[in-house]
């Protein structure tokens, strides 16, 4: 049961949030020019790393803001959470150990 | 039809047991206000509209005799007011980059007081309402059982308010009533 | 392989069981194999078994980074069914069901396949429409399927609370559905594959996939390079990692999937019960434990740890549907890593790399497919092309849009 | 003869409070302060259960929650509870317990026949047999299932209630033994919010089981008083920490009223489930003694040494007069002394060849005979120990030699050393390390300092001397407080004398040899008592290659019983290590899974059961529906009026009547549950254009338009009507079930993709109560209660007007889901009840008929209006619905657009929505019935479509259906065949989807 840091409300219990998958996948702008493969990549393919993952969270039962978090998918450690408009925090170079 | 029946979701139901008093506040006028509250202009416009200082820290509220203004999010405030919600909404919307919606009936407000208040809330909410963490003047949106609620602390005695959606009001009330026996 | 039988049991008892042979050897890896299977779970072992016994390819290795059956094979709730709506799914799962029906004898290993019946409950008009459609589709696909009234449900499950929060309006029964003993499936296939000449190599982690001229030539492992004519990856939750080694992405995400068991009690529930409306998935093991499926957490994770709120949201509904379970006790909870595609159907496919094949994406429902998946994948690897059962599950569908989306077809909420 | 084994004095029981209880129908007496176990032992009852597989007679082994054998069926009727450990049941007056897993009685158990054929039932025997003939497995299984299981489930609903609660603290201390109390005291002194949990009914832990415990009790009392005086401290007894999850989330179960007896708890819950978030955790969970694994070590009377000590010292019960202490370490000597002090005749058998002289001197002083370098090679007495045989061990400990001594005894107190309780640390993800000097695992440095910061102290950390435990506890408390940013202070270290003998030099002897090779001969060496797993089973597992620790566990079932291997895991690992000739850490450790002890399912759900299970959501008019006889349908969490049967009507006739009334006069439907979203901002139109497939730019203020939403896969996921209220202001409606999903969908795009757009979405679903009035008389009805000009020209179709309805402010939308002249009247929710009453009153003269969702479904199907989720599933495009008209050909972008032109969405022969008219107009096809391309006698038959909606339409005067049919749009006029599961075959003509008023005159009337 995670404690998740909402960039607006601070540390909160995981049950106030929902997770919505990989972050930083912009919607293509000129979709009509895309091939089926390119469109399929955008809709279906994710990096699914065993390691650090940038992902989207929503503070459902709180301020209802979407934000991004950087979490390690093996240790489940949150390195950072950041607003959608914030720059991406760097990935630590310690291999996921805390 | 001159005297239309007004109803609240709980028909003003109340709980009065050892250590806990719960009352449904009647029909509170509520307006959801939007704007860029990070900007000084936006806050001063609101200060002017409501006649009180409206610069809010996250998860706090301010109030005067006529109004209470809650922080809901970086661009969202909730106003409880004795005034006509429509006219306030219209006046607020006159400011650029804003929005206002009358949400008076979207939810109802329960007032909880008595020694068991915190234990009752802790039964359904993962949010820490210990006085060191959640003092008078603070508010938060959180979860109570399956319901999303807006909690606020109004006195250390303690007095809490819990705002809950109309169709979840019965559930939240029954929940409080049941756990009041258990804590 | 010395056959197991009542007589072998009696004979060995006389010598205090000192003469049983190993269930499978523990060989050193050879330099190269015709086929290397990555992943020693049920699907991987079944693939190797059928390659060796039916496809004439016995120079096969199964590489397992830990212990056999230690992934989702050993962590699932052991439900077997083939009551699927869509033709492609029905084709795969009914193929598996037919193999299940003779599996203990085929493997000479009792996998305790128990066709005790699997009952889906409907709790709303919408659920009734869903089982109505699916029941008819299953029936017309030649698979057994029966509708039950609430009274018939009660007869099968006298302890059920029909008048729960969403009252039971009906049920869809597959009598041939049921459970099997999960570990035995892995061990039975391992023993059978080993006897047919397959090298099963545990504690051997694949660390790289070697590709030359866009063709796979072998794998690097924690025990050195192992050459391979063909490679079949059956690595479930680690498929994305293997794909990355080979230089491509898969449309997969990994989530924790949780389950729990109760303390053992005398028989109280004689079929498998699945309620999508209340979220209850329960059966009783032969040992007497209630085996309860929970849900998958909504965040990517390889940690084999889930969030406790899912357990709360599993136990609550269980007690709502079966109020007398309230006094029973949870004995153990755990999580696996499930690899899930967007349409929640698996991938059996050729890949951008020649001679490298993938079998993955079984999500929350792979156990029941084990024999069918292994069988179809073995024949497809041998032929170099996916066979008719596997073909609909190819990677192409994520470009064409021809998804096999059972979940979407069940259309929750309206 | 009562309480034959109760000592005349001593112990913490209250001899002034006798309690009566029954076991297997016989009545006994015990005292307040007893457990069921101690009370039975006091009464000389040794045989308490039968084992799982061989049905061997079993008695108590332990005094705590690690007990594997003494599982009880506690109480009867709705209060019955299977598999309850006698050692954890506090005695109360009137307690009723029964033994389990035996028939017909505990003394004579037919299942014990399994013992006779035990040699044919080695580990995993069931994988090797029961396979012939294949058809017989279900029969074999039936008997296997009956034989398995332990106790029986209740057959009535649980009458008890449960409470769940969250809690927060700075420092959580697990265990209130000496280390835990010290840790809590230290942490609390620095001002930390502290919680302390202990599974016992009183704090003190192992100290409660020591002799001459006045000093111990004083320490406990002093500590407890200081903690209880501190308002920042919560000390919970009868509370077991069951799970340790990420980010220091700890679950615990508190037995609130169990000790009072069934139905005696008043309004208090039976149990309370705690969900605790701590900044720091101090694990002071103690340790568990290991049994020695020797021949027939499962006879009733063979106990853990410390259990014997605890029964003597805490409960004033001497389990038997003749006690043999069998040990490989020093700690059990204290038990020898205690038993001797209590009048027992004691013999010590020590596997070590040289025992330290100070201990020998003490033995001599107390006249206790010692066998050095000896071992017990057999235990006599089927239903209770009568004697043991003792022989000299070889130097390597692998065999026995020389003369066998027979010692008469009724109790064997065995100690193979101590296993620190690392369960919590392991659950938290922490690693363990093996320490040779104590022959056990202890917690390693916490691996994940951020997600599970914890510190272990006391015997769970491998310290077995009280003074050291207290020191460690104090330090742990100080450290934990410091890490919370507080200043924990170490009070002057407590020191007092405890009668205890330190562990000394332990000499592991994991498998005690006997006169024949292990696994041969009659006797069995058990290590897992409850699951009947023996050393021979481990040997077999090793022989067959099940050597990894998980294979060992799964193949032999060791560690998988209800005690989860608390007393057996390390012995099993060690035996396997010896067989393989590797070290114990090389074999590995099993992962401990929550819960620590079995956890009541009802408690996990807490109060969120029955009416608090999942909320029933009601509209403001709900009471009116109830008063007017409505039957309700569950739609999501909502209760919606389904139909309103009159006296004598069934569902069908009520729905037919309501459906007719709407087209003949006027009907009213509560539509409040539809999702509603207020959208404002200068970029609102951009959002709406992206969310819907059609064009919205030209929508006039005050006008309404229907829209479809697609996901990025291009599939329909919601629909609704959106109205332009002002220049940059819209009111969107969604389906009932889609309300939250659509709101989330819009916010997701706005916040993550287009944050620069100025758009604000606000859910107003419950702000508005909505009544839809439909039918030719709807205008007259509405006009009679409104000040809005509702004339045809003043208020055209697909527009909205504001005004007063029934004297209250309203927004009225002229939109229709029935194809009739219709208005949806929205009023603030407070007036919902008022509105429906006003409509009902005014409607009398217009034959107003309330109708429910079922009639609504028939009415919309008559017009071919789809229901998203019924006529569509998640695989249907607008084109499949024959709704190309709603897809913009001019917009550059909208969500899901690109998916419309993928290979698969453009393929012909996709299922498409059509109407079906059965040859026999009285036949209503079942929804879900399939259209087949050819009919044969038996399946399989190829299918080409299925029925999505099907009703008897009173207005069309016949049955109607909607269906998805491959290439359906091109097949209109064709006759297709449907084959039902009951064998019926029906033919139907493919038709248009509109069955009533095809020209659409009525809606514009």
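Order of writing sets the chain letters: A, B, C and D. Residues in each chain are counted from 1.
What we mean here is this: contacts are C-beta pairs under 8 Å (C-beta built on N, C-alpha and C of every residue); 3 or more make two chains touch, one makes a residue touch a chain.
None of these values were measured; they are calculated from a predicted model.
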Interface with more contacting C-beta pairs, comparing A-C to C-D: C-D
Rounded Å distance, chain A centre to chain D centre (Cα mean): 28
Euclidean distance of C-alpha centroids - chain C vs chain D, Å: 22
Distance from the mean Cα position of chain D to that of chain B, given in whole angstrom: 33
For chain B, residues that touch 2 or more chains besides their own: 126
For chain D, residues contacting two or more additional chains: 164, 166, 245-246, 249, 275, 277, 606, 608, 614, 616, 713, 899, 902-903
Interface hub residues of chain C, defined as touching at least two other chains: 305, 307-308, 342, 399-401
Overall pattern in which the protein chains touch one another (line/ring/star/complete/other): other
Of chain B, residues touching chain A in the complex: 58-59, 72-74, 76, 126-127, 140-143, 148
Chain D-facing residues of chain A, complex: 1-3, 13, 20, 23, 26-29, 31-32, 34, 36, 39, 42-43, 56, 58, 64-66, 75-77, 84-85, 97-98
Footprint of chain B on chain D - complex, ascending: 161, 163-168, 193, 267-269, 272, 275, 277, 606-608, 611-612, 614-620, 637-638, 678, 680-681, 758, 760, 762-768, 785, 806-808, 828-834, 837-838
Chain A - residues contacting chain C, complex: 1-2, 14-15, 18-22, 36-37, 40-41, 43-50, 53, 55, 71, 73-76
Touch list for chain C against partner chain A, complex: 238, 240-241, 249-254, 297-303, 305, 307-309, 341-342, 398-401
